[in-house]
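Please see the structure below; I have some questions.
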Amino acid sequence: MSKLILPDIQSLTDARHIPIRRVGIRNIRHPIIISNSEGLEQSTIAYWTLTVSLSAKEKGTHMSRFMTLLELYRKKVMTPFMFCEMSKNMLEMLSADCGDINAIFPYFINKSAPVSKVKSLLDYEVKWIARATNKEIEFEVVIQIPVTSLCPCSKAISKYGAHNQRSNITISLISSKEIKMEQIIRLVENEASCELWSLLKRPDERYVTEYAYNNPKFVEDLVRDIAIRLNEQNDITWYRIEAENFESIHNHSAYAVIES
Amino acid sequence: MSKLILPDIQSLTDARHIPIRRVGIRNIRHPIIISNSEGLEQSTIAYWTLTVSLSAKEKGTHMSRFMTLLELYRKKVMTPFMFCEMSKNMLEMLSADCGDINAIFPYFINKSAPVSKVKSLLDYEVKWIARATNKEIEFEVVIQIPVTSLCPCSKAISKYGAHNQRSNITISLISSKEIKMEQIIRLVENEASCELWSLLKRPDERYVTEYAYNNPKFVEDLVRDIAIRLNEQNDITWYRIEAENFESIHNHSAYAVIES
Amino acid sequence: MSKLILPDIQSLTDARHIPIRRVGIRNIRHPIIISNSEGLEQSTIAYWTLTVSLSAKEKGTHMSRFMTLLELYRKKVMTPFMFCEMSKNMLEMLSADCGDINAIFPYFINKSAPVSKVKSLLDYEVKWIARATNKEIEFEVVIQIPVTSLCPCSKAISKYGAHNQRSNITISLISSKEIKMEQIIRLVENEASCELWSLLKRPDERYVTEYAYNNPKFVEDLVRDIAIRLNEQNDITWYRIEAENFESIHNHSAYAVIES
Amino acid sequence: MSKLILPDIQSLTDARHIPIRRVGIRNIRHPIIISNSEGLEQSTIAYWTLTVSLSAKEKGTHMSRFMTLLELYRKKVMTPFMFCEMSKNMLEMLSADCGDINAIFPYFINKSAPVSKVKSLLDYEVKWIARATNKEIEFEVVIQIPVTSLCPCSKAISKYGAHNQRSNITISLISSKEIKMEQIIRLVENEASCELWSLLKRPDERYVTEYAYNNPKFVEDLVRDIAIRLNEQNDITWYRIEAENFESIHNHSAYAVIES
């Protein structure tokens, strides 16, 4: 049986008169090469979701073309600009009016410990989203930044000590100019009770313990203090700031969110 | 040291002039008793998130009151009405203008196999969301319904067989009148290639195999056919229909979404 | 086509001469009623795995019978004794020489806060395992107990404060006599830097903060101190103690394990 | 305060007389470079766990040295041999008698579709484990291979069609000689109802549909047929074969395991 005579069900005309907002492939794991703020390449692994709109008259999209697109961009060095270009390319390949690409991947920064200066990688969970129409492309970056939070109430009411814990700060933002991920991460880490490192020597551990004790923050303080910093950035057109504290004194989280 | 003289940091006045959209507790596991469509009680376990708005002048919310609220409603039989009442109660207890409660829990339906009629429980993942302001409360229900999907293309181009797989259909809806969860689930299962049961005897297995083969559906067909049914329900003011096929021929999913 | 003439493929003789260690159903969500230490019933939801051995000459097991078994025990009040009886019943229903049942479920204890005595539920993840042969049944209980750990090094080297975090202690044990889950949980919580509660008032928060500061423990101390306590229990024939600290100063865990 | 006078709590002598089986760091995300079967490098991301034994007299291990080790090997091209060398190095750095390293990472193979020959990456979840003592190092590889399974019973009892689904085959093995991961994966994929590809054109989809229909396999058949193939490999000293079918007609899995 030749390839040509296989019926193409997806290309049939649909009679239900119902357009589909988005259709495509979801949660496919595929490598990605990210260019970091110094222009260095970082090979990492992303979970991708690629979807397009489908007009009321088309029965189905062409799923295999999303894979072809992924393969096309596999060895390219991805910047937000390149990622948006990829979404534009997707609309063409799928003959679609609009569509979204999102990729979630771990991103590493080589940090120096605060006192000993020993270096180690810290992992941040990043999500890039490109929302493309025939007219424009919106790029959103989401970064999950792990930090320490130390409870102001616990410190104020106790003779010694204060409960503290790991927290995740999740920043989502849309900007009129590209903002380096390292810049956002730095801004957020500066507003935490303390930032994290993967490798700490004893003098470093002393430093982070005392630093956190000197900077108590509620989950509410975290999102407010970061909001003040983001409000100073004129290029940011929209943001959402979420903080989740994995409370060391409970088996649940404290959570706060501010949206611009 | 007496309780009275412990400083109340959360109640201090905040000078940053930044209101917080939502703050509260997240992902706390707590029992819930659900009333099913026949008024029977079902004891299940939910992950709860309870959050309220916080005005610019308040430093922090009172986290422990969310737990007090949960404890208050632990032994009540929860209906959408009672769940909304709980959200109203939350606003009062926290002195907040608006707030959300959401609870995610497994919900079971005792189904009869199609031929043998043997009974077994099937689990559905349900999410209830109450969004309360001082003026009104919006209730959204989200139900994840596992079904079989069978690929029309695979069937049409192959001499025999057709690839099929488990799919999750996720229905989110807001309605002006209460719609029974069993009714939504029935509507969705009727539009799948085939519905699922936990217990099937051989005659049942034959039935579901042939039934699915006779009802091939793309991920696009699933969301469209369900949209047609939901459009017939006048009480529904908003819906989102998502379908995710855990493709048996790939290691990724096909996905489609329609929103009213 | 009548039910009787459907071929029974599973019952065919297998010619490959390879016995199967375990075969069955995995990760099925189904309700379970647990009897707690005071004999009160607790309705919760378990993920079940039920498997049996299959001799070299049998082609397949009868998957639907596992569901029939689950349905049979759905409304029974489960104790370790009843759970073991269920595994014996499974061997008969499946005509198998040996088999395992395991069920993972959240279990709740109503705890009084240390100072205010307000009550709230804390959730523990429990796993029951019954390993049955025609001769005997082994029962293993696994309990995951969330606690606070406070770092002795951080405390010793810092002028003030000490990093602390939520930790999970996982106790697995086999005993010649039934040991109440509440008893194991109490024993473990006593050896942590501090135990957890879902609801704490300010005087309670002060108490847990100072208590943890007065009881610094490395991940190594946690497993050793619990081992000392478990060694005092003569009925325990085997145990494993694991501690995982979700470090507040890192984005990874510290981990230790002792096995008897 | 100078670095020298910070007390070293971990190095104190412990009086409890309880050795610790393993202690270290768990679930740290860090890059890894894998050499594939053609000697080509593949940059991927692993979750690492590194642990060592601790004698009864030592109070604590030195957690930061695990990070130093990870950093040392970050840019090396990892083979099973290099991975074992790393574990030996760990024992020296931590002055330990025995210890384990395990790393879990996605591994990609560039596959050609069966008819069209178009190429696409398929992801496999791999776990490497090195168990080191001062005398010897044991290396275990675990590979999770996604495949299609098609039910022989469903095919035999139905007039047309047969339910099929994605399955995960998990192979764990210890070998006296290095076995290429590609070789294990090929062996397993040959025994499935059909192997998977990320990108299939219509002629390929027809091929996989008919191929699976012609190769029905129960979960029991999958583990037995793979066992026969692994038994032919003389270098394998131990194996475990697990198959999990994400049943398309149920909301739970069928599961089987054989261990040599």
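Letters are used for the chains, namely A, B, C and D, taken in the order the chains are written, and counting of residues starts over at 1 for each.
One rule holds in what follows: a residue touches a chain if its C-beta (ideal position, glycine included) is under 8 Å from a C-beta of that chain, and two chains touch if they have at least 3 such contacts.
Predicted model, so just to flag it, every value in this text is computed and none were measured.
Colleague: Please identify each chain that touches chain B as well as chain C.
Modeller: Of all the chains present, those in contact with both chain B and chain C are A, D.
Colleague: With respect to inter-chain C-beta contacts, which pair, A-B or A-D, contains the greater number?
Modeller: Answer to which pair has more contacts is A-B.
Colleague: Among the chains, which is located farthest from chain B on the basis of C-alpha centroids?
Modeller: D
Colleague: What's the distance between the Cα centroids of chain B and chain D, rounded to whole Å?
Modeller: Here the centre of chain D sits 34 Å away from the centre of chain B.
Colleague: What whole-number Å value describes the gap between the mean CA coordinates of chain A and chain B?
Modeller: 25
Colleague: How many angstrom between the C-alpha centroids of chain D and chain A?
Modeller: Centre-to-centre distance between chain A and chain D: 27 Å.
Colleague: By residue number and range, which residues of chain D touch two or more other chains?
Modeller: 6, 28-29, 123, 153, 157, 198, 200, 202, 206, 251-252
Colleague: With chains as vertices and touches as edges, which is it: line, ring, star, complete or other?
Modeller: The chain contacts form a complete graph, every chain touching every other.
Colleague: In the complex of these two chains, what residues of chain C are touching chain A?
Modeller: My answer: residues 122-123, 146, 148, 150-151, 153-155, 157-166, 194, 196-198, 200, 202, 205-206, 208-210, 212-213, 246-252.
Colleague: Would you tell me which residues of chain D are touching chain C in their complex?
Modeller: So the residues of chain D in touch with chain C come to 6-7, 9-10, 14, 16, 18-29, 49, 51, 54, 59-61, 63, 152-153, 156-157, 218-220, 223-225, 227-228, 244, 251-259.
Colleague: What part of chain A is in contact with chain D in the complex they form?
Modeller: 1, 3, 6, 8, 28-31, 43-45, 64, 67-68, 71, 74, 106, 108, 115-116, 118-121, 123, 198-203, 206
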